[in-house]
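Naming follows writing order (A, B, C and D), and every chain is counted from residue 1.
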Amino acid sequence: MAAIRVGLAPFDVAAELAALTGDRTDIGGIGTFIGIVRGTAHGRSLASMTLEHYPGMTERALVAIALAAERRWPLQACLIIHRVGRLLPGEPIVLVAAASAHRQAALDATAFLIDWLKTKAPFWKKETFLDGTEAWVDARETDEEALARWGATPTPA
Amino acid sequence: MKILYFAWLRERIGCGEETVALPADVTTVADLVSWLGSRSPGHASALAPASDGRRIVRCAVNQDFADPETRVTERDEVAFFPPVTGG
Amino acid sequence: MAAIRVGLAPFDVAAELAALTGDRTDIGGIGTFIGIVRGTAHGRSLASMTLEHYPGMTERALVAIALAAERRWPLQACLIIHRVGRLLPGEPIVLVAAASAHRQAALDATAFLIDWLKTKAPFWKKETFLDGTEAWVDARETDEEALARWGATPTPA
Amino acid sequence: MKILYFAWLRERIGCGEETVALPADVTTVADLVSWLGSRSPGHASALAPASDGRRIVRCAVNQDFADPETRVTERDEVAFFPPVTGG
């Protein structure tokens, strides 16, 4: 079961994981990753981070990423939740989770989900600094490198 | 054709969505970028390649990532945006 | 900050992660792994799993594992919670979490924590099957192999 | 010396903890295993190596993992147990 969600609302990790596993007793481990807004960028203090996305394509991309993980590993469930809009430092941005009978599959799939999401889902971050200036975040080459670990074609350049 | 712009492309062009009537000789994403670039200085600046010739702007056709060679028609939804930075 | 806990009580993942991060705004990502009791073992239905441990040595071992992770990766915080006593299928056994400014460090440290815990902390699992029979779980060689990824000396054989 | 047994060693020996007075010639973990094995059939069975000679039982001295060569004294806490299976 792959579940994805995009929205403004915060998420409760415990409730999300409980919903993901339900009454199943065939899950041996759940890996998760939570991305959080940091309070500084390039040594400057952040007031907020604003997430823009491409409605429609975002959901398609997240479903495709979740299904790709389910094809690569024997997962009982996998989850991607990504927030959009204005977020403050310390607030969670994204939650990915992968549940499997075996821990290595759960851990590997978790890393895969976040690596793919960072390069294949249409989100853009804008930083607003305490001094009022704004800047769009640059894509990092290390994200494309992380993709290569999964034998993935980089996003068209 | 419906065209969408996101992030700093949207800001530089000054709009997030426009509907255009496609000239007959625009058949690929590369053609579309050239033609859109002639519509305003904002379009030209937003869609220009980097000084080293590298393509900065990414494109999706009907919500799938696309290449310069991807073919486009009047009925497609085409989006232009910077490299993604989510997660 | 390394936090470890061993006990009978269940844990609330959301509360544990909130306590781990507190008001910090220098954390960019948190990796977690949750181990769960599966309902079957060797094709037989499980009634419960009983976790025995070596009080005193367990806490020492978990602290040592958490500190080893903090030496290897730039972590803002790391957490190990391990339950003992009788657990039912579907119940969580263990929670490990690692928080870092960067996602790769958080993910790698999470995998390291659970791999090391599986081979270096004195816990033993006994399975009680629905038919009333009991069996101690055998150590798996794959756990020692997982350790080798971290360049670790296997536990004395 | 305080000796602890865990998991199936505890069950096979029939006790989780015993205090023993160490003979003078018992100075290492290996010595201790041999000597304990002579105390009862349960001890002998629990502490025996596998049929291929591989050591099954693990040991900790003062709550640190120990080798057969690790030295022990009357004041140490020594524990014997199977390979760990937590997590």
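The definition used in the following text is that contacts are C-beta pairs under 8 Å (C-beta built on N, C-alpha and C of every residue); 3 or more make two chains touch, one makes a residue touch a chain.
This one's a predicted model, so the numbers in the text were calculated from it and none came from an experiment.
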Hypothetical removal of chain C, resulting connected chain groups: A, B | D
| item | value |
| --- | --- |
| Mutual neighbours - chains that touch chain B and chain D alike | none |
| Computed distance of Cα centres, chain D from chain C, in Å | 26 |
| Separation of mean Cα positions, chain C and chain B [Å, integer] | 48 |
| Touching two or more other chains - residues of chain C | 35, 103, 114 |
| Shared-contact residues (touching 2 or more other chains) in chain B | 87 |
| Contacting chain pairs - touch in the sense defined above | A-B, A-C, C-D |
| Complex contacts: residues of chain A adjacent to chain B | 35, 51-54, 56-57, 60, 82, 93-94, 114, 117-126, 136-140, 155-157 |
| Complex contact set, residues of chain C against chain A | 12-15, 17, 21, 23-40, 89-90, 101, 103-104, 106-107, 110-111, 114, 146 |
| Contacting residues of chain D [partner chain C, same complex] | 4, 6-8, 54-55, 58-60, 63-67, 79, 81-87 |
